[in-house]
Structures are given as C-alpha cells and as structure tokens.
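Same chain, two partners: subunit A is paired with subunit B first, then with subunit C.
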Partner chain A sequence: MATPAADTKSSVDPATGSTREKSLSVMQRRWRKFKSLRRGWYSFIALIALYALSLLNPLLINSRALVVSYQGDLYFPAAAEWVGGRLYEAKEFGQRAIGEAEYRRLAEQYEEADEGDWVLMPPYPFHPNENLLREPGLAGNPPHPPQARHWLGTDDRGRDVFARLAYGFRVSITFALVTVSMYYLIGMFVGSVLGFFGGRVDIFGQRLVEIWAAIPFLYTVIIISNLLKPGVWLLAFVLAIFSWVGISFYMRGEFYREKAKDYAAAAIAQGESRRSIMFRHILPNSLTPVITFAPFAVVGSITALVSLDFLGFGLQAPTASWGELVNQGKQNIEHWHLVTFPLAALFVTLQLVVFIGEAVREAFDPKVFSRLR
Partner chain B sequence: MAGDALLTVRNLHTHFHVGDTVARAVSGVSFEVRKNEVLGIVGESGSGKSVTALSLIRLIPDPPGRIAQGEVLFGGRDILKLSYEEVGKIRGRDIAMIFQEPMTSLNPVFKIGKQLTEPLLFHYDITRAEARERAAAALDLVGIPDPRRRLDEYPHQFSGGMRQRVMIAMAMICDPAILIADEPTTALDVTIQAQILELMLKVQEKREDASVILITHDLAVIAETCDRAIVRYGGKIQEAAPVAELCETPLHPYTKGLLASIPHAQEKGHRLNAIAGNVPSIFDLPLGCKFSTRCKDVLDRCHTEEPELREVTPGHWVRCFLMEDLV
Partner chain C sequence: MAAYFARRFLLMIPTFIGITFVVFMITRFVPGGPVEQAILQLQQASGGEAGGGAAGNGDDGSGVPPEVREQLERQFGFDKPAPVAYVHWMGDLLTGDLGQSYKYSQPVMDVIVSRFPVSIYFGLIGFTLAYLICVPLGVYKAILHSSGFDIASSAIVFMGYSIPGWALGTLLLVYFGGGSFWDVIPLGGFRSANWDQMWEQGEIWWCVKDQLEHTIAPIISYMVGSFASLTILMKNSLMENMGQDYVRTAFAKGLPERRVIFVHALRNSLIPICTGLGHALGLIMAGSFLIEFAFNIDGIGYLGYTSIVGRDYAVVMGILVINTLLVLVGNILSDVLYVVVDPRIRFS
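Here is the complex of A and B:
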C-alpha cells in the first residue's frame, strides 16, 4: 500500500542540514512512476539518445570532411554545409576534379603528397544521397551486400543503406514529433472549445468536425503530392490537419466531465475569466487520455510516413526515407539486406515507442494493481 | 420585508429543461439578506435550495438550467443582467461560495497556495508575496497548523475536513459581503461539523456587515447557527421567520413535521416521527399547495388553489390556508 512517504520527496537542505519534505504534484508523481518502469524508461532514454545523435548526422555520417587543412589554412566543409554555408570546389583544395571536392580522394591525395596537408573525415564517411559505384570494392551492379566499409550494403542506386537509414530515422522522428504536436494543438483546442461551451457551439461544431473527418485522407494526399511535391513540413501539416479529429473527441469528453466538477464551479465563483477556467483549471486536468495516447500517435505518424513513402506519395527523391527503402526491399526481394535492415530498423524504433507508450499508460493508471483479487 | 437589505431576490424562477419537460426547481422565490445576519435555507433534497443559491451568482449550468425570470439586486445592480465579466468582479470578492464536496472542489493540479492567492491576484492589485502572506493568514484563521508550509502542498495531501477548511479560507480571503455555504458540512464527519460551522461564521469577525447564507437540510444546524430561516418545499418558500420563533411556534404543517421528526434523547424506544409520503417529483408538482399531498391537515381547496405567502406576525411569513385566520 502507499505510504505517506510516497507523496513527498525528502531532500536535505545543505544550509541547515535539515530534511525538508517537498510536495509532488500528480504529474511529478507520474513522472517518478514512469522512471521506475525500467523497460519504458530505458526505451525512452535510448530513443532520446538516438534522436540526439541523429541530429548530429551531418557530422557523423557524411561524405564531406569535418576539417581540411590545406596550405596552413583550416576549412570545415561538413559544418559549412550544415549551417547553410557555401560548398568548396575541388580546385580550392588542389584537387584535379570538376565541381565539388571529393574529400575521401582528397585524403588519399594529401597522404601520398605528404606535404603536411590533411583531411579529417566523419566516422562514417558516406553521404546518404551519394552514388558510390566508383568506390573500390563496389564493382558490378548495385545493390551490393554488406561489407566492412558499407555496413549494411548499398541500395539499387549504389547508395549506402546505413547512411540512408540513419538520415531516414531523423526524418521519421522529426516528422512524427512535428505532426503529433501540430495535430495535438489543433485537436486539443477544438475539443476544449466544444466541450467547454457545449450547447449550440458543440452541436454545430461537432457536425463541422464530422464533415471534416469524412474527407478521405489518402486521395487528398495523393492530389497534394502531385500538385505540390511536398517536403517534410508540408507533408506533416497535411497529415496533421487530417489527424486531429480523434484528439478533439477525447478532449471534448474530458472537458464535459471536468467542467461539471466542483473545482470548476469554485473557480467561476472566485470570479475567474472563462479563458483562465478553460486553460488553467480544466485543461491540466483533462490531459491524461491525450498524454497516454501520445506515444501511440507517434507510432501512427511514423507508420503513416513510411506508408506514404512506400506508395511514392510522400517525400520527394532523393530524400532518405524508410518507406522508400522498404519499397526497394520489395522490388529487390532477392537481396536480403535491402529487406531485412530497413524493416528491422522500423520494427525496433516502433517497438521502443510502444514500450514508452506502455510505461506512460501504466504511470497514469490510478490503480496500483492491474487485476482484481 | 424591509430593513437594510444587502441582497434582494425578487420573484426568482430557475428552470431546468430536461427533454421536453421543464423542472421548475425555483419558482417565484423572493427574499432578502440583511446586513450582518446568518440566513438559513432549509428543505429536503429537491426543494431547490441549492439551485437558489447557485442562481444568486449565476452558477447554474446552462444548458440545461436557465434563470427564467427574476431579479437579484446587489449594491443597486441586478446580478442577473450583468455581463460575464461584470459578474466576475462580484464573484469571489463580494459574494463568495463554499461548496458541498470538499473532495472535488479544489483543483487537483494546483498547490493550495496557488488556489488561495488566485482570487486575491484577480481582484486586487497586489504582489504575489503579499497575496501569499494573506493566504497564510487565511489558513491560520481556519485553524490549519503550519500554514506557510502547507501552502506548498497539493489537495490530495489534505483530509476532507482540512480541505473544507481550505475552501472556507478561499471563500473568505477577499472578505466578501456575502458568504454562500451550500451544505458545507454534509460531506463531513459529525465530529468536525460544529468546528466548520464556527469557522464559517468568522467571516463576520473580519467584516462587520458580512452575512452568511447557510443552505442545509439539517434543522439542528439552522437552530444553532442562524438568525433567520427560510423553509423551502417544492421550489417555493413555505415559511420564513427568525429562528427562535420558527422553532418555538412553527406555523406551516411542513415545518411542524420537520421539527417533530428531529429525534430526542428522552424519547428512547419510540419510533421516529416522519412526514408521511415522499417529496413530489419536480416534473409533477401538485397543482395547489405543493405540500398538499403529504399534509396531515389538508383542506379541499389545498389541492386546487395555492395559498399566498403572508406575514402573519411581524417578520414571520407563512404560505398556508390554515393560517389565514390568524391574519
């Protein structure tokens, strides 16, 4: 059973040395409970760490050098690309080639010349959009199986699968987070307004929501995709404006329940404004279902992007995306690495998010025991 | 009804629309709250006493509820005609409310300190530190030990009685002219009911002309705490009188029945007296006198005509044909 200590957190005040009890809000207690659920908590840490790493992709997985030291001057091509600076041409570094410098060759060239110039490449020196057919060890027709330099092999255009998966991970997670935040904002706002005001606002509002929900998502996306060639942001926006309806139902229901409670009446009796009652009093008490649902919404968004890319209505080539890789796996089913690795990456990522979702759900569950005696 | 009235209610009608039917929870109620008095409103469940109180500060959920007509005059203005923002300035500051259920009337996500300081910051131009000081003082006044530390605790760390004290502190923090208490002790243990009632009356210590409207179904509570009492039945006032007079010489058969049904320690072994029958459904009130279906002394005309509320002796009003001879 819960002890009184479960509600408070002891911390020793360094000045007085005395123990002071700190009160924990409901959310803080849920957060502690979430942290105590190992599988979900470690999945959460793993996913956050992977995503943080993937944000550094241009410095970790790139064909452009991190640092080039040429005739005593230092250049930072990878960083320059990242912040949107200019690209360096080959001749600027004394390389005999047209167009942009090829840094892996440049490194070899400097080594042979031995004039004190050097190149520092990223740990995995291949770009996801780079055609590697001229690389040593990649003779013949793509796709190539996994090998020491190309961990997961290449795809059917001779591009490195590992690099594409890593960049695709960043795209997937970013897309999911952006989409979910956008449609949560819309859904929560609409649901709160309908639930709080009720009456005619609710009756007419609900009908409009239903009409909106009846617009077929896939056709709209196909049309938009053909007209506009969407990027990540536009695609996230389109998915968001078609996904908020479910969240608005949750919020509407919660608001209907919460506004009938005495604390809402008490807040009105204190003379507070409608906005304050809606967003400061009722909203924080209505979040349980939508927060519990959030990880599963992320799963949904990742899957949606993969499906759209798989069908070819998603992100434009040559953006590294998982759906496109899965599609390659389908078309080259005899090349096991093209089938296995993208699907495994997708599976592991979704599984991590689901573990987080399970833990969140359990942390929000008011019942300590999950079954009756 | 004359005197220095603080709040005057005239011909108040509050209806609830349920499907095609209309429940007349309050139909034509008029009364006044004088300065520095404790007014009790007593009645059975469904007599519309809570709805009356909620109507005073427009807390009726609309829909399904609606204040169909009437006036609630406070400070020369009709509260029922003000805009939401204007009523907001009166709510909490001039008229405050204590709710029945202490377990649900504090917001579970706010610390006690935040809930207490909120009305102060909303109604007055003061700093957070000053508001906090006043909140601590208010908690101290309602007898919560170590108030400064408890300001940083959440409602779930308080017991029911303690929460009701916090509610009282919250209602009293702006020194309101009128404190409406809707069955403040119903959900509490009998042992702390008396303490809570006493605390509530402290509002009059802080502000001399302050009044309390106490809504209850417990005549004993009325007898102990109130100056004047209104007896409600079937959405209407049946009798209104100073408490001492009401208890000694009740005139309405319903009041007599209520008083007779209070158990006495000396009558051990006897069956408890009860008023026969049930409260009529709010959708199907009797045509004439609302109490005619249960009245022991019912006359023929009671079923078809409704008596007027008359002042039979100074300050003592009653709605009953039997009392017309007294006039």
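Here is the complex of A and C:
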C-alpha cells in the first residue's frame, strides 16, 4: 500500500512523498471538520468532562469521609469503599454507635472534643442511597424542598436528590454506551453478512430480521425485566438484543453498494479471503451511516432506560435513576422539584448528545444546498 | 406492479406467523403465568378462611390439589404442549375468535374495541395537527433557510427532540395541574367521571370544554416527538428540490418565485411526506402506553401495559395480532401511495 508511486497517485497534490503532511485521510478531514463545528465540539468536550467527573462520584458525593485522622493514624473510608475494601465500624474511630461509622457526626464529635483528630468530608457529603430523615433541618415528612445543604431537596424516601441525579448520570451514560456498543456489534455483523452474501441468505435472513423487528420490544423487555429483576448489564443486554435491527439495515444497504465497486472486485481478483474482503476492505468504507447514527442511538437508549425506570421496570430499587424520580414526582405533584430537576438533567444530557450528533452528521455527510434566488 | 404487491401480501403471511409464534412462546415459557396466578389466589383464599386446610394433598408443595391445577391448566389452555396450543390459537384466530380475557372475563375483541374511541380520538387529532403545523413550518423554514427565524425555530424543534413526550407530559401535569403552580388542566383521564351524565342532561358546552381540557396536555406530549422529524423532513426535502435542475430551468424561463416554489418544487418535495400517510391505519391502535400511563388514560397502550403486568396473555396476543396486521398492511399501503404519488417509481 505504501509504495511512493501509489502515494503520488492517491494524493491530490502532484508533488511526491514530501506532501504527506498536507494530504489528510478522509477520517482526519472529518475529525477536523467536526472540531471546527463549535457547538458540537464544545458539547462533546462538556459531555466527556461531565462523564469523567461522574466517574469520580464516590470521592465527590459521598457520606463516607475522604480522610479520617484518628489518634495519629490516617484512614481513607471513601476510597476504601470505592476499591471494594472493608467499611469501618463506628467504634474503630471512637464513635459511640453500632455498625458503620457516621462520618458527618464524627466530624462534629472530633471538633467538640478538640483532641487533634479530624475528618475531611467529600465536597458534597451525602450518599444517594442514604436516608437523611435524622439530619438537622430535614424535619417533617419527605420530600423536602431544595435548601442550602441539600441543593435539590430530598425525594419521597428522604434521599438527597442532587446526589441521586449525579449518580444517575453516571448510570445513564454507562448504560447507553454499553447498550449501544453491544447492539452495534450485533447489527453490524448481521447487516454485513446479509449484504455481502446477498441472494438466498439475504431473503431468508431479511424475513427473520423482519419478524424480530416486529416484536413489540418494550413489552418484551417489561415481561423479561419483570421476571429477572436485571442489573445494569443484563438490562443493557436485553435492550441490545431488541435494538440492533436498524443498524443491520444500514449496514446491509452499504454492503450492497460497496461490494459492487471496483476496489471490491480488485480485492476478489487478488484472491483475498472473504473475511479479509468483508472486514478489511468493505467494512471501513461502509461506516458512515452507522457512525452518524451513533449519537442518536445513545439518545435512544438513555430515553429507553429513563422510560423503563419511570414505569418501574428498569434498574433495581436502590440504584439512583432519573426515571424513578420522575415517577415519584408524578405521584407527588405538589413537589415540583421531583419532576423538574431529573427532567432538566435528562434534557441537558440529551441536548448535548443531539448537538454532538448534528456536528458528526455535518462532518461525515455534509449536505450542501444550493439554490437560485 | 400488481404482481409485486401480490407477492408482498403473500410474504406477510410467514412474517405474521413468525411474529405471533415468537411472542406466543414467550408467554408460554415465562413463569408467573395465569395458572400460577390463579393458584396464588386460591392459596390466599384458603389461607384466609381455613388456615390452609388442604395443605399436604398436593405434591408440588403449593397446597393446591393436582386435579385443581389440571383443571386450571385446561381452562387457560396450558394443558397441551406449546406448539399444539399455538395451532389451536391460530385456528381460533382464523375464525375471528381471539379468546377470552382472563381479567375482564369478556371476549378479547370486545375489550380491545372498547378502547378504540380513546385511541382514535388522540391519534387522529395528533396526526392531523402534526401535518397541519409541520408541513407549512418546514416549507417556511426552507424558504427562509439560515435566516433568524430558521435558526430560532430549529433550536425549538431540536429541543423537542431532547425530551420524551411522556416526560413533557409529566412536567405539564406538575406545573399546570394544580399541584405546585397553576391549576388550569385536569390531572389526566380521558374525560371527567360525570361526563356521560352531563351529556345526557344536554350540557353540551360543558362536555366540549371538559373534553378539550383533557385533550391539550396529552396532545402536546404526543406531538413533541413527531414534530422534529416531520418538520426537518419537510424542510430538507424542499431544500433538496430547490437545488435541482428543473427548478433552475423554471427560474430561467422567468417564472415568478412563488410559482416555482409552490407549484414546481413543493409538489415534488411532498412525496416523502405522503408515504407517512400509509401508517395512518395505525391510528386505530395509536396510544403510547408511556403517555397514557402518565395521564392515566385508559386507552390501548394502557390496556396492553396492564395486560402484560397482569399476565392477561389473551389480550396481549390480541393487541399484538391487530397491531401487526396494521403495521404490515400499512407498510404496503405506504409503498402503494408512493407509486400513486410518484409515477416514476417502479417496484419489481
């Protein structure tokens, strides 16, 4: 591939090898174009930054202390929990309580005692699954409205809404990425095979795909999730096996178009194996539609997760989820914050992804409209 | 062409059998089916009155005698092997019998048909409004491409894309349903409980007003999803045609702009919009169960949802059959419409 002669022919510039840095590959050009579309590019950066931040949630939003200094020794309860280490008992830190240490109280206790012990709490010292009804300032029945210590109030079980939203963000994005990659793998494989082999394989395969596509997928997911009580991975898998059909149609169409081109014929004439022709030659040239669809696939699976949680057939009970909060809000319509904040979070997240999607589409598949006027 | 569509109709048969077979099998092999539920009810009943007097008779530990279990299995058609049961079910279907609902103790067809008015009402209004608003908006946006109006309306349209309909509906309920801020819309339902009574008393205006109040929020929720795609489809389609040679020719021969856009370009750009009309058939069964769940509307979507949760499989299968037929026929109808609208297109 990399002989100098081939290079000069393929590059637009007639000069020889020295022009390499000027001629960009298609992908590089698209990447540059994508970066130049500011709205999409900044959305991309913002989403990645938010997701990276949310991966650090256990150190930022947690009821367990970052550092405890007790009788000259240092302990790191939050980090220990994060890496799956043990939880510290209250009595280990000289706290008079049964079970796990309560670090916010411990901090107060050390301050009163003034013996040189100290506690460093995370910036937002509440855990999403923690019942806060014994907290000062949270008198009366939950949900509580937003207030200084609990920015977005509490939900109907007295848990901090902000903490649940932040953890829910991580769950939603992770879920979407896992689901989309799984069903992209299935859909791309099925589509490539149908498109490449064509003929009877295609006619028979298409019927099967059609049947699969027509199974009412949310219904089936509800039946399955009602039984198995799935976790994130299983739910993502169930959603994935009902979502790949659209991708397979894209791939099938692209393969039909690409395999008729000269380079495919050349590869066949060279005697390359089928697998090499399919995956090394045709596949990279058929990716445009599925790549431009990817952000919208992410939008779809985030929405699906929130919808399932809203109905009560999503993730298992204590998992922080946006849809569950919206459902609470629907049942307590006098508490506006229960609906407003999770939907705002959902809206902003989806909007960022849609902006990215628009920019990707513009970079990969620019539509130039010309008109006379 | 007729041969092509005849073949399409014939190909519907294996697809239809495939779909119903797969879902039928799922309903058979999922635990917690109607037999188990009936046994559970029996257990609760006997446990409540006699402290489980019959316990020990059954060898499965459920406390229900095997002959009772057999009778229940026969009653729900679970005594035969699954493929045989499917053939029986299909035989009944071919005579137009969808079976009995376990929950409502009525023929499935009656249960489903009783929900039609709700679905058709919302479906028809949503569908008509979507086309009435999106098509002119799309045309207008295409004419004013990259103007301030275009960019601003695009922003709104894309915002609609980022919020699911049911979510917007819940938001509307909380803000306008009297819970937190304004009290202008009712808290869901298809109409007020005393609607029929008022109608008989001749309070027509009250009835119309009540119905409208119950309609606004669900309709907004229904439309927010299709709004973005339909508007953008219309806009892009017209833009594409505006760049074609025949439009250039029309301008070159001195036709006024209005005539070029509205007579020449618009008619061609309506072609992709028209094909959507084929799916208008589905309006009978319209009704997203998420939106109906959000607004407590007892329509088809909600019926399907409660049937699945309550394992009323006869109703689940009934809805599936009608839905599948409508979708399959709608697909073909869309293609027929394509040919009618655009004679250049040939299927073979």
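Note that the second predicted complex is superposed on the first by the 344 of 373 C-alpha atoms of A that agree within 3 Å, B and C clash if a C-alpha of one lies under 4 Å from a C-alpha of the other, contacts with A are read in each partner's own complex, and residues count from 1 in each chain.
The definition used in the following text is that contacts are C-beta pairs under 8 Å (C-beta built on N, C-alpha and C of every residue); 3 or more make two chains touch, one makes a residue touch a chain.
Model, not experiment: these values are computed from the prediction.
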Item checked: Joint occupancy of subunit A by subunit B and subunit C, clash or fit -> fit
Next item on the list: Identify the partner contact of A:D114: answer first if only subunit B is touched, second if only subunit C is, both if each is, neither if none is.
Entry: neither
Note to self: With both structures fitted on chain A, tell me whether subunit B or subunit C touches more of subunit A's residues.
What the structure shows: C
Margin query: Just to be sure I read the superposition right, which of the two partners does A:S23 touch: subunit B = first, subunit C = second, or both, or neither?
Written below: first
Notebook entry, point to check: Roughly how many degrees, to the nearest 10, is the angle at subunit A when you join its Cα centre to the Cα centres of subunit B and subunit C?
Noted result: 80
Next item on the list: Return first, second, both or neither, reflecting whether A:R207 touches subunit B, subunit C, both chains, or no partner chain.
Entry: second
Note to self: Touch test for A:D73: subunit B only (first), subunit C only (second), both, or neither?
What the structure shows: neither
Check: Now for A:A260: first (subunit B), second (subunit C), both, or neither, which partner does it touch?
Finding: first
Note to self: After the superposition on A, what does A:A269 contact: first (subunit B), second (subunit C), both or neither?
What the structure shows: first
Next item on the list: Check whether A:N285 is in contact with subunit B, with subunit C, with both or with neither, and answer first, second, both or neither.
Entry: first
Checklist line | Three-chain overlay, closest Cα atoms of subunit B and subunit C, distance in Å | finding: 10
Next item on the list: Overlap the subunit B and subunit C contact sets on subunit A and report the shared residues.
Entry: none
Notebook entry, point to check: Tell me, which parts of subunit C touch subunit A in their complex?
Noted result: 11, 14-15, 18-19, 22-23, 26-27, 30-32, 145, 158-159, 161-164, 166-167, 170-171, 173-175, 177-181, 187, 236, 239-240, 242-243, 247-248, 251, 257, 289-290, 293-294, 304-305, 308-309, 316, 320, 323-324, 327-328
Note to self: Considering only the defined contacts, which subunit A positions touch subunit C in the complex?
What the structure shows: 207-208, 210-211, 214-216, 218-220, 222-223, 226-227, 299, 303, 306-307, 310-311, 326, 329-330, 332-336, 339-340, 343, 346-347, 350-351, 354, 358, 367, 369-373
Item checked: Contact footprint of subunit B on subunit A as seen in their complex -> 7-8, 23-27, 198-199, 260-263, 265-274, 281, 284-285
Checklist line | Complex contact set, residues of subunit B against subunit A | finding: 57, 59, 61-63, 84-85, 87-93, 96-97, 99-101, 104-111, 118-119, 122-123, 152-154, 156-157, 167, 170-171
